[in-house]
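Before I ask anything, let me first share the structure, which is written out below as structure tokens.
Each chain gets a letter, A, B, C and D, in the order it is written, and its residues are counted from 1.
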Amino acid sequence: MEGVYIAGVGMTAFGKHPDRSAADLAAEAILGALDDAGVGTMDIEAAWVGHVYQGMAMGQRALGAAGLSGLPITNVENACSSGSTAIFEAATALRAGAYDMVLAVGVEHLSTKFRGALQPDESDIEAQIGLTMPSVYAMRARRHFEQYGTTPRQLAAIAAKNKFNASLNPLAQFKKPISVDEVLAGPLIAEPLHRDECAPVSDGAAAVVLVSEKKRRQLGQARTVRLVASALRSGRMEVGLVDMTREDLTWRTALAAYEQAGLGPEDIQMAEVHDCFSIAETTRIEGLHLFPFGEYPKAVERGEASLGGRLPVNTSGGLLGKGHPLGATGVAQVIEIVKQLRGEAGDRQVQGLKVGLAHCRGGKARGVEGTACTVNILTL
Amino acid sequence: MEGVYIAGVGMTAFGKHPDRSAADLAAEAILGALDDAGVGTMDIEAAWVGHVYQGMAMGQRALGAAGLSGLPITNVENACSSGSTAIFEAATALRAGAYDMVLAVGVEHLSTKFRGALQPDESDIEAQIGLTMPSVYAMRARRHFEQYGTTPRQLAAIAAKNKFNASLNPLAQFKKPISVDEVLAGPLIAEPLHRDECAPVSDGAAAVVLVSEKKRRQLGQARTVRLVASALRSGRMEVGLVDMTREDLTWRTALAAYEQAGLGPEDIQMAEVHDCFSIAETTRIEGLHLFPFGEYPKAVERGEASLGGRLPVNTSGGLLGKGHPLGATGVAQVIEIVKQLRGEAGDRQVQGLKVGLAHCRGGKARGVEGTACTVNILTL
Amino acid sequence: MSEMKSAPEVHGPDVFEYEGGRLCLVGSSCPQCGAAFYPPQAVCARCGHRGGDKLLLGPEGTVYTWSRVHRSTPEFKPPYVLVYVDFPQDVRVLMPLSDTAEPQIGDKVELAMEDGPRVEAGNLVPLVHARPVQK
Amino acid sequence: MSEMKSAPEVHGPDVFEYEGGRLCLVGSSCPQCGAAFYPPQAVCARCGHRGGDKLLLGPEGTVYTWSRVHRSTPEFKPPYVLVYVDFPQDVRVLMPLSDTAEPQIGDKVELAMEDGPRVEAGNLVPLVHARPVQK
């Protein structure tokens, strides 16, 4: 993919923000991204805003609160991939030569909109008989146990790793590390998944300024990071009895992204992946072909996905540790890669980094493994 | 704008569909558009789906019901301009060279999601003190009366014109013409607007197949229509005491579209505009500079906007006559222009047509005239 | 006032002040370009400047346009009259009118706290209204 | 069955039939490519063919995976056990298990109409369940 760059990033702390509106959170993230890019509100030519539950015209309200109005604004929704879909659409418009500087924003005030376990849309036949998102992943975990000998302890180690990483991230919802034994001692949500293996309910917003090659040269900014691939796919209607431990959706999206970037799994040095559940990190990483099928949980136990390991995964804390304000998640993942590539990740800095990958996917409907998936690859 | 074409169109009847789901309606429109283009489900490379109130992953459910899955799908929301925003995003992606054949879909099952008058989002300060969409337009109408001597009878003539046009459209919600006196004898919703001057609650779906120049040549289809402009803008935060009869948002969007097309208001031979209310058709048409400010209601009384008049407006019946399933509206407007350009509009055919314009806008928030506006211009 | 919070939700107790014994709404003006806003804006929509100065709107204004609303949502009790009031501070604000009698464009109004048209738990909610002056 | 309506909403009375006295679910298969679906699909997701043939799923299947659910939404009464059942007709269907005892992957199950876990107006709703066979 030619000539798309991230010139600035901004995000709020993730967590519970009972006294702030979604528009207010989004404005903080947007103004932070503008400041980071060293540009003003009048420099932005168009915006895409991803969210799930925030109601009509969220993007116009968000940009308005940051003093931006009049420009083309598109609200996008793709379940948990809403924010990363905003980035995907923004990148497409830059490739079309329609603009030189645009915003992609993700926002969610989930704590005011939601209680209980997340479900597929109420019209979904599986939702109507009791399927919750934790139980979807619980059943995938059970198959991973069966096929590869994965253990509850290994999955708990993923949660513990991500909460440790979160403790190094000032914007994360969870501040305190937690041991594998503590994860396993927590209540079961859907067997075999424990509470700390499930992403929390979170509020937050994140924004990135994307620019064309021409604008990047004009800005003359050394800290600009290149978006070398941005791919979106939806779940394929399954025919036959498929292997639930293998994410066809993740792999098809990754393949498109690897092709755009001219890179392969062997080139990826760090990854932020959609760990809505401990098992989810496993099936994403294996679906991205970053570890062989069935091997990832064992590798985590050996520390290979930790900071300092051979492929650090979810250095930001991931959804499990940083929090999961649905629409904001996909944008925040890209922000973590940008900060790491710039060498600005503080105590969780990965050394010698040149290539990072952000994977975001979400949703579930009868007959498909997931609603939407994005893979963004960034390089120095 | 280079090389974007409409190769096929499909839509459901608009009206009340209590026994059908949104996905089912959308599938009918999608399959109709594929048939019209002479292509199959496997030929579609990506899709954008516009809706307002249909919940998470509407697009994936809609395409799934039509047998399409796996491709990139993006759900977009821009109030009443959601469907036309889907067309705008699809056109942008074709311009980027990302695909050669894509779908833009709009859908709404409003009758199951909504009762009472439409309002801005519940977070909006004006909605919280009693502003409804009819009262927004009622207050604009009052200013038009004050400034230009417009009369209730002239506005009622707009409603009567559109309901007559609808009576010639087999897919329209209203089947029966209605006289100006009957409009004026109806109940007042928000003074000075009567019930038949307000768009009804409707269910429906509409879809178009968009193709690149290359694909158009491959298809070798004589009926393909060219999309020469597609523009999107959001409302500008108003500063000072602006003239409420002049639509800055409509004009800025139109200006962008006219520039893309290399055309001006004088080249437009027919227009589908967002007549959510009788006064709205007036301020749109004047905002598009198709008639001088203050002149349009008088021109309607003289028959200049009727079938056979000098600029037929809302030949489909418009929102007032055809119905207004929010997400579907912007797509259905473009379909009317396509049918007219192809000479397939039956009893409501405009003769000698070469250029048509579709204008769609919607939403309202404190301090802005509207949430989003699109203008699409099509030519033979 | 350089650190402004989110906009107030309704014309409730946070958004008005008395000046010379008369009710005014609290808006903001941009110290850089002078643009005025209601509710107060944390970032200027015209020039992008961050932060605003407090600006009182009122105590009188004129009716720019109006409508008597006969059908509304369940949260409101029709009929009620809405007016857009133009303030001399160059800001236009929507509010209910004190009575449902027919106003005229250009009528002078002042601000008053009265009940309705919003209904919560069966009761009319107090809101800032426009009240006709010397009519 | 070439004109199929929208998918049924739940495993309710429209979606099963008795064959040889035993309960089966009603799915569809594509007359063009043979792909099988539940619920019935109006358009084949594999080949795009429109219309499908009726295909009964059951009367027995095997447990592909399962979970006992402890936290759910207010519409359901935990704990309950969900299973994905693989049918010999090459279709996998989610359903509740008849009891909350621990199943094993590979367990043989048959279909049965039982109450729960869905709650409406305080009552458990009848749904097609998977019931262990000869366990």
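Methods note: a contact is a pair of C-beta atoms (placed from the backbone, for glycine too) under 8 Å apart; a residue touches a chain by one contact, two chains touch by 3 or more.
Quick caveat, the model's predicted, so the values are computed rather than measured.
Student: What shortest step count links chain B and chain D in the network of chain contacts?
Tutor: Step count on the best path from chain B to chain D: 1.
Student: Could you find the two chains linked by the most C-beta contact pairs?
Tutor: The chain pair with the largest number of C-beta contacts is A-B.
Student: Distance between chain A and chain D based on Cα centroids, please, to the nearest Å.
Tutor: The answer is 33 Å.
Student: Taking each chain's centre as the mean position of its Cα atoms, how many Å separate chain A from chain C?
Tutor: One centre to the other, that is 41 Å.
Student: Could you give the separation in Å between the centres of chain A and chain B, each centre being the mean of its C-alpha atoms?
Tutor: Each chain's C-alpha centroid was found; their separation is 35 Å.
Student: When the centre of a chain is set as the mean of its C-alpha atoms, what distance in Å lies between chain C and chain D?
Tutor: The answer is 57 Å.
Student: Going through chain D residue by residue, note those that touch at least 2 other chains and give them in order.
Tutor: In chain D, 7, 41, 45 touch at least two other chains.
Student: By the touch rule stated above, which residues of chain B touch at least two different other chains?
Tutor: 21, 23, 64, 67, 69, 123, 236-237, 367
Student: Between which chains does touch occur?
Tutor: A-B, A-C, A-D, B-C, B-D
Student: Using the touch definition from the top, list the residues of chain D that touch chain B in their complex.
Tutor: 5-7, 41-45, 47-48, 50
Student: For chain D, which residues are in contact with chain A within the complex?
Tutor: Against chain A, the touching part of chain D is residues 7-11, 35-37, 39, 41, 45-46, 64-74, 76, 80, 82, 84, 86, 90-92, 94-96, 105, 117-118, 127.
Student: Can you list the chain A residues touching chain D in their complex?
Tutor: Contacts found on chain A: 116-117, 119, 123, 125-126, 128-132, 134-135, 138-140, 142-143, 146, 187-192, 236-242, 244, 366-367.
Student: What part of chain B is in contact with chain A in the complex they form?
Tutor: Those residues of chain B that touch chain A are 21, 23, 52, 55-57, 59-61, 63-64, 67, 69-79, 85, 88-89, 92-93, 95-98, 120-123, 231-237, 252, 363, 365, 367-368, 371-372.
Student: Which of the residues in chain B come into contact with chain D in the complex?
Tutor: For chain B paired with chain D, touching residues are 20-21, 23-24, 27, 31, 40-42, 64-69.
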